[in-house]
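Look at the two complexes coming up: subunit A is in both, with subunit B in one and subunit C in the other.
Up next is the complex of A and B:
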């Protein structure tokens, strides 16, 4: 894993990738910081960090688009897959290299509150809390980008896919207020999820009898649930969608609350996408 | 028996592993959610319950439910985090309910609380505290300190959710309220004149009026007496009743105005509590404390806070009170050892105290006494063994008229907050939860224009373009290799 990490980090800094990411991020962040804090005389730095999330959505694709697509383009993915490095080592090495570049960029922005501290009283504990949250949020974004880089065939499509994916996670909080909340909607939603899972199974197994049996069981279970405890299904869609909201959990950090469950959520969110990335590579290795 | 194909086996294993990973991650998240470990890193502990609230919740012996009115997934995180802290106590249950889906439940509590508000006005963001037989609604507007700009904009400067919710829990769990008897019969103000009655009601204060001349005694349920700017003196008999009430451990809030009438009995009574009421008017000269809206006249000024027990939230929120034509107070020359005198509001070092009220000059004259002068003070009985305040408490204020709506500025929020904090301190004990609101105010930066441009230059030009340039040089060098 270390070898992949070192190689990936070198490739970031020997090519313009990392510099474009860092330069673009710090330019927009600097502009925002100047307008929001320096010229406005506002000492609320946590508020500034929260507004950086949208910029991060724009620049993460630059950071992650080449992680796997570049290997595919140069046909070095075959070499990588046949190397003695484990799949998890490959995925983690590449992911951690991207996270390192992100962390280095974040480290540079720590100069900003330092400047402000010469001219006013800063709530340092809250600033540290927000930075910790921003780091975990950014790492989760990078995990999504890593996965989509594996899915895509070219850097451009990886960048577009990543941007769309991150945008979707960002607008989740706005979508929630528009989704239906009735118990019936909740029941239909479960059926759609079950249908999707069965479809995936069917595409792999090509066994319609097992798929049909699973579908019947799912319909029966949802019907029972709807009749016995309809309240359980009430607001299910919004609760389900809210669970995927990365930014709502970040709000707690920006408020100055360091929460264990939010940290665990970000770590497991990243772990899930890295696992799915590994699974796809594993499938490719044996196909 | 038919053999399971390789494809089915592979798909099943693959799906099973994925489900196991997902289930494992979900389980870890659920466990972390159960542990609910968090650290409030804010300087003012915005999201941590104060000792007062913790003590109240520890002492609860009946089950209460907090209904937070919000659509699922659309809770206000700031309020919700605080509510979860309440819910971590065994006798508190928290439930988020959608007001659109539960109109019957909400209207039931609207009726119970007797507030007569329609359902819409207590809709989203409000909290209902329900117990067996009693309930109280804390509307969403009562969760924050807000002020309104001249253009009609709303400025949120403080977070008082804990103050409102703890007071409501106190009421719902015990049914007890702090009973204030406002004394009448001497042309005094009442809290209605200050437009305070409604808000005091929501903070667990019940306001009643009492005429000491016609009433035989002060009722047993009285916790605080108020004397709000009497136009003439109290009789010896009335003073005796007040004195007896204080000796039983009662509290007194007395506000005066500069009047011609002789208040000898009240003056003597206050002196017996180490408070000397000075006849005259405070005149301020410090330009930072004068109010331009009042033409910077020396008789209208913003006082300094001399202690932080009562004025804590005002100090934190940078709220400035305004006092107009205030009389002064001082500690008596001869004092009782078991009574502690303490100043609360004062004028600046540059102020003076005018004794000759016939003088019309706005400048200092020879008979004026040098400041600072106390515009509000307190006295509290203390135990000679422990040194803690036990028994009677008094707060006196030199300008009652400042608490009525003032010309040009209206009813001052800071003056009201001071009254609320003062009454909370006077009530003390088991009936009142004296939780201060938390300031959301952040001090602006003191930065010169040159410094601002320097920092902007560093963060917008030097750092980003420096990095891009470094990248370009490295890229070009490697390209040549």
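Up next is the complex of A and C:
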């Protein structure tokens, strides 16, 4: 894993990748900082960091788009696969290299609050909280990007896919307020999810009897739930969608609250995407 | 050393490798020969653990590649069809990265890289970006990559593709050299190459091994010296008459010869029959002077075409 990590980090700095990422991010961040904090004479640095999320969303694809697509194009994936490194090691090495470039960039922006601290009093707890939150949020973004880079065939498509994916996770918070919240809607939603799961099972296992039985059980279970405890189904869709909202969990960090559940959420979110990436590579070997 | 049993690989409905089994002893240089798409690269990819077999197993030194991939991968140096090179690195940096990947201990790393670079002859270009190197040098850097760590087995997929004749000879010598202390498997669709380097040839077509022997045996065993080429100073019609009078000849072909006034004849007798004496006496009796007579050695090329096209007819 360390070998892949070192190699990936090298190639970030041997190619324009890291410089474009850092340059673009720091340029916009610097501009925003000057306008929002310096010229306005505002010492609310955490607010500035929160507004950086959107910019970060724009530049993450630059960081992750080449992770796997470039290996595929140069046919160097064979080198990694034929060397004594595990697939999880490959994925993790690449992911951590991208996270390192991101963390280094974040470290540079720490000059800003340092600069502000000469001129006013800073709420350091809040700033540290926001930075930690930002780091975990960014790592989760990078995990999505890593996964999509494995899925895509070219750097361009990887970048576009990643951008759309991150944008979707960002607007989830807005979507939530528009989805229906009634118990009936929740019941229908569960049935749709169950239907999709059964369809996937059917296409893999090709066994009608089990699928039909599962469908009957699912319908019965939902009916019972609906009759016995309709409250449980209330607002289910928005709760479900909220699981995927990366940014909503960030809010607490920017208030200076370090909550373990949010950290675990981000870590497991990243772990999930890295796991899926690894199993996709593994699957490709078998098919 | 390498033991492959009933290996099959399917890509969806396409059977790329179809139930092949073979054994390779230590120190052998083996050539996989076959047309494009015959399953050579797929077999190599399975042996190196890049892809998994659908059925069957491959043992390297008695260890199953599926069970202990890391152990097996350490024993193999692999040069795929497209040498896997990071264009943004210099040759030396790239080899350092390969050392990292192969867990070569730090203290011996520098010596190892120097040894390999000297052996493939890339010391002069070691500081240049791989991206800017010529195809021949890229191929050599790829070969250097496979040699790092002295793996006992080298698997080379079309190692001389895209090289100029001088470079091809260089690589061949290198492979011959490697054969002294490595087991080498190489693939090619160029027959003369396999003939020049390999001790044993496996002809692969449509995912199956259709012949496996030394290059010499392949040309002799299968076709013997029952085919002759003669050049005769006589009229075509007269020569044809003489040829027809010789028993045992199954097939013949008469052409205007290159020399003026001469006719050249290619003839073929039944297997394991030596017709040289009969041919000589027949022409002598007809008073048609033989200017030249030589056996037609079937080249690997012909054997190959013969075997593979026979397969197609089936």
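Basically, the second predicted complex is superposed on the first by the 284 of 287 C-alpha atoms of A that agree within 3 Å, B and C clash if a C-alpha of one lies under 4 Å from a C-alpha of the other, contacts with A are read in each partner's own complex, and residues count from 1 in each chain.
Simple rule for what comes next: a residue touches a chain if its C-beta (ideal position, glycine included) is under 8 Å from a C-beta of that chain, and two chains touch if they have at least 3 such contacts.
Owing to the predicted nature of the structure, the values given are computational and were not obtained by experimental measurement.
A.B. asks: A:51 in the overlay: touching subunit B, subunit C, both, or neither? Say first, second, both or neither.
C.D. replies: The answer is neither, since A:51 touches no partner chain.
A.B. asks: Have a look at where A:3 lands relative to subunit B and subunit C in the superposition and call it first, second, both or neither.
C.D. replies: Only subunit C; A:3 stays clear of subunit B.
A.B. asks: Is A:11 touching the first partner subunit B, the second partner subunit C, both, or neither of them?
C.D. replies: Second partner only.
A.B. asks: Mind telling me which of the two, subunit B or subunit C, contacts the most residues of subunit A?
C.D. replies: B
A.B. asks: Considering only touches as defined above, state whether A:83 meets subunit B (first), subunit C (second), both or neither.
C.D. replies: second
A.B. asks: Per the contact definition in the header, classify A:75: touching subunit B only (first), subunit C only (second), both, or neither.
C.D. replies: Touch status of A:75: second partner only.
A.B. asks: Which partner chains sit in contact with A:229 here, subunit B, subunit C, both or neither? Use first/second/both/neither.
C.D. replies: Touch status of A:229: no partner.
A.B. asks: For A:156, select first, second, both or neither according to whether it touches subunit B, subunit C, the two together, or no partner.
C.D. replies: neither
A.B. asks: Show which residues of subunit A both subunit B and subunit C reach, each in its own complex.
C.D. replies: Residues 14-15, which sit in both footprints.
A.B. asks: Going by the contact rule set out above, which residues of subunit B touch subunit A in the complex?
C.D. replies: Residues 5, 7-8, 10-12, 14-15, 17-18, 21-22, 25, 28-29, 32-33, 35-43, 46-47, 71-74, 77-78, 81, 98, 101, 442-447, 451-452, 455-456, 458-460, 463-465, 467-468, 470-472, 474-475, 478 of subunit B touch subunit A in their complex.
A.B. asks: In the complex formed with subunit A, which residues of subunit C make contact?
C.D. replies: Interface residues on the subunit C side: 11-12, 45, 48-52, 69-71, 73-74, 76, 78, 80, 82, 84-89, 93, 97-98, 100-103, 145.
A.B. asks: Using the touch definition from the top, list the residues of subunit A that touch subunit B in their complex.
C.D. replies: 13-16, 18-20, 22-24, 26-27, 29-31, 33-34, 37-39, 41-44, 108, 111-112, 115-116, 118-121, 123, 125-126, 128-129, 176-177, 181, 197, 200-201, 204-207, 210, 234-235, 238-239, 241-242, 248, 251-252, 255-261, 263-265, 268, 271-272, 275-276, 279, 283
A.B. asks: Flag every residue of subunit A that touches subunit C in the complex, lowest number first.
C.D. replies: Its residues touching subunit C are 2-4, 6-7, 10-11, 14-15, 74-86, 285-287.
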